[in-house]
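Letters A, B and C mark the chains as written, and numbering starts fresh at 1 in each.
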Amino acid sequence: MRIDLTPRTNRSALMDALSPILAFLAALVVGGLVVAVMGRSPAAAFVTYFVAPLSEVWSLQEVAVKAAPLALIATGLAFCYRANIWNIGAEGQFVVGGLFGGWIGVASHGSPGDPLWVLPLMLLVGTGAGMLYGLIPALLKVRLGVSEILTSLMLVYVAELLLDYMARGPLRDPAGFNFPQSVTFDDAARLPYLMEGGTLHAGVAIALAVVVLATLVLGRTLFGFTVRVVGASPRAARFAGFSDGRLTLAVFAVSGGAAGLAGICEVAGRIGQLQPSISPGYGFTAIIVAFLGRLSPMGILVAALVIALTTIGGEGAQIDLKLPLDLTRAFQGLLLALVLGADALSRYRVRLVPGATA
Amino acid sequence: MRIVQGALVAVLALGFGAAQAPDAHAQEKKPGEKLKVGFVYVGPVADYGYSYQHDQSRKALAAALGDKVETSFLENVPEADSERSIESFARSGYGLVFTTSFGFMEPTLKVAKKFPKVKFEHATGYKRAPNVSTYSARFYEGRYVCGVIAGRLSKTGTLGYIASFPIPEVVSGINAFMLGAQSVNPDIKIKIVWVNTWFDPGKEAEAAKALLAQGADILSQHTDSAAPLQEAEKQGKLAFGQSSDQMRFAPKAQLTSIVDDWDSYVIGEAKAVLDGTWKSHDTWGGIKDGMVVLAPFANMPDDVKAQAEATKTAIANGTLLPFHGPVFKQDGTEAVKAGENAPDPMILGMNWYVKGIADTLPR
Amino acid sequence: MTIHGVSLDIVQMVLITIVAAATPLMIAALGELVAERAGVLNLGVEGMMVLGAAAGFAVAVETGSTLLGALAGAGAGLALSALFGLLTVVLSANQVASGLAMTILGLGLSGLVGASYVGLKRDPAPHLSVPGLTDLPGLGGLLFGQDGFVYFAFALAAGVWWFLWRTRAGLILRAIGDDHTATHALGLQVRKVRVLAVLFGGACAGLAGAYLSLSYTSFWAPAMTAGRGWIALALVVFASWNPLRAVAGALLFGGATVLQLNAQAAGLGLPGQLLSALPYLATILALVLLSLGRRQGGSLAPAALGRVFTPHR
């Protein structure tokens, strides 16, 4: 027996829309069963996970704050992945962006009169640092033919250890009893809050703006066209005279820059200082978000919100229902696997061919 | 798909627009009402170390105060992303929240400002607020006792120390351990290995092997897993446990263990909130206060056991202070004058080794 | 016996530690190497490893048998990799995203499986003891005093090498990893081979995890793999997809950590972060040198690595 996948010639929009929803429902059924086995009410779990976080202004803000870095990074990655170029080091670019942008925040600490240039400079440096860090694997690929998948991944750990070293050493708060964290930034180095007393910071607006911008760039510009053509048909692109090398550099710069921007937004927004670790794995989660969103910026926005929702709902489940964190993780993993699988099913027609060999 | 996207964006936009006073959900506790107590852990409760030990105190609290309290916890909370976790307790009607890791300091203060009626307890930090207390334990007292035991028992004259990160708490622990050992054996040597992690059983085991291979015969650790103890047990050497009583992992190797016992503190604070007598304060408790507990002395001759008990009692009585002068730094300069005691700020910010330690402290 | 004041016993103890530290990296990397040679990049190694550690320890405690525990660890990794194979090979989902999903799933499942085994301990896997040989000074313990996992790891390396370069099936597997379109046109069973390679990789990852919880530090603790799955991934690249170089690389990576800790114990301090970053920097450097060495030929990576294959007709 063998299984045949045939690309669907007339992909129905309905099927496209339905497949992630069906996968989500399937994950809910499995998750509900597990919750029931653990002796809790699946209905209560559903409410805690998916309804409660959406029913309060505060938790809605938190969903947005959590989703923003994911959406921002994943949007940048969409450019890479559409062009069949594999940057999986966004976590490192995020960390480097946060580190070097945050460095400005540390260095400008205590400058009189809350100078207006600090914050823009931080964002600029953070973005630039992410971009440059992203260009390392790109250059290695273009110049030496080294697989970008592997180098970008390796550089994640180098970046994390660099931040760890800096936060424990040179950038440590001198008045902080040798504890491993920097000074807390002045107001001039913080992204402003969008709501009085809320947690929604300007980084969320930046992320939204980037998503909209990316939609326009991908859909309306020559660069976006190039990316899409190369992804769809590398041979055609080559005949049309697009340079592989320049495109690799460009998409790495875009995705590295986006990740770096996300990093500095997180540091200047939520955290407000440098710490040995600034990311709970946003750069890796964003890769999944990019695929869940089918590499379209708007889809990515939705996927980021869903992931943020399950994370925050998972905390509610720990507090209110005493369900373990591991259950949330397993559920997230399962949900991702099912959505990826269902997506494939909507792209291909699957046929079982008895007796044949594959 | 479009429609779903549109709807979600709309919902989000509504959220952006509708401002709401942050403290609206914080509830003032009425007399006779249940007190909800929340705990935020940096590691998994199953680490059998620091977070596990804190969770034991949560259970002790539930057992001691019965239906007067309701407890809950969040585990594995990344420090950089902890503000939301802390705030979700404050918002769900929790009246007392323990944030148990140093890295939660700024987020705790931020949330506390928004919820003046909720009491916060931050472990190992140094910034307080009217509704934020800090607490920590004088672990170095326990380490001094361990040092005395190790100084007495070491045959090779060399001790091994597995350290996590060069923060003051770890450095003061190493110094106290060394001072204790020197008090019974002035020529004792110590080898220190920094593993740059709080928890990585494999790496901790490798560090233990390295120390044992290089002649250390008694291990002490400031990391969370039982791996070094197990390694000592495997090689027929001795070691001290960390955070919790790890006797079950190494019945023939564990001499004692420095157990973080937060039970009485946690219960006391919850009672104070229930009585309405809670005030912001800083607690730095030691052996005397029952915060630092030494697991039963084992695997040592009776005279050493007696000396260890005597040292423990003297520290508890206040007749013996581990950093009692003269204390010299590595380079021979006098850090604490003869007859004086190191003031708390010096211990809290300790970033130098005492004389007799040959290593250089990493920066 | 001493040379320049360094006792041979210390040298042997350090070597034994290095071999033990290299073993989980070796087993996991050899499995991943076969999967990558067939053209599938599995970023779920860490998840499969940690699930193997949990399942292996649980079964070993319940049955009292280290062997059954090891098998259960391998089985758990295999089960998770079956899901990965279904997604990536059968359904042609993206390998990078699916692999990361497996890591999240594996971490979560391992916590659920291991929850009731926290704080339990069992005796570590027995070590070989041959009277007369194991006690030989200098090398006896190193050669004749290891546990079964260690010998298995070396046998596995030889086996994988033999399979890839001395059997027809191995040739087919490598050919598929280099060009799935052409091999498919030749009538080779691209997806069947890839699924089998992925399953083998998953079983190895699970077994490597079981080694950690059954032998290396014989207890279960959440996330106890502490990133070794990622190091194994780096190692495959570092070894340029060659099983014998993977052995050398594992000894080097494991050795770097062990030697660094020993250097510290001997009073030679270096920034820990720099040394921790070395395996990754070394991997990048190795990649660069490899491609410099064969300028024209492009990289040594299996050409179809990570690319989606869908047989059309």
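We adopt the following convention: contacts are C-beta pairs under 8 Å (C-beta built on N, C-alpha and C of every residue); 3 or more make two chains touch, one makes a residue touch a chain.
On a predicted model such as this, the values are computed, not experimentally measured, just so you know.
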Report task. Would you mind checking which chain's C-alpha centre is most distant from the centre of subunit C? Result -> B
Report summary line: Most contact pairs found between chains A-C
Query raised in the report: From the C-alpha centre of subunit A to that of subunit C, how far is it in Å?
Result: 28
Report task. Go ahead and note the Å separation of the Cα centroids belonging to subunit B and subunit C. Result -> 35
Query - Centre-to-centre distance between subunit B and subunit A (centres being mean Cα positions), rounded to whole Å - result: 34
Query raised in the report: Can you list the subunit A residues in contact with two or more other chains?
Result: 164, 324-325
Report summary line: Multi-chain contacts in subunit B, i.e. residues touching at least two other chains, fall at 44, 196
Query raised in the report: Which subunit C residues sit where two or more other chains touch them?
Result: 111, 115, 222, 271, 273, 276
Query raised in the report: Quick one: in the complex, what on subunit B touches subunit A?
Result: 1, 4-5, 8-9, 11-12, 14-16, 18-22, 25, 38, 44, 72-76, 78-81, 83-85, 87-89, 91-92, 102-103, 106, 114, 126, 165-168, 171, 196, 348-351, 363
Query raised in the report: Which subunit C residues qualify as touching subunit B in the complex?
Result: 10, 13-14, 17, 21, 24, 111, 114-115, 118-119, 121, 124, 212, 216-219, 221-224, 226, 228, 257-258, 261-262, 264-267, 269, 271-273, 276
Report summary line: The answer for subunit A against subunit C in the complex is residues 2-7, 81, 86, 88, 140, 144-147, 149-151, 153-155, 157-158, 161-162, 164-165, 284-285, 287-288, 290-292, 324-334, 336-337, 340-341, 343-345, 347-348, 350, 357-358
Query raised in the report: What part of subunit A is in contact with subunit B in the complex they form?
Result: 13, 16-17, 54, 56-66, 164, 168-169, 177-181, 184, 194-200, 266, 270-273, 275, 277-280, 298-299, 301-302, 305, 312, 315-316, 318-320, 322, 324-325
**Report entry** Of all residues in subunit C, those that touch subunit A in their complex
**Finding:** 41, 43, 47, 83, 86-87, 90-94, 96-98, 100-112, 115, 187, 189-192, 222, 227, 230, 233-234, 237, 271, 273-274, 276-277, 280-281, 283-284, 287-288, 291-292, 298-299, 301, 305-306, 310-313
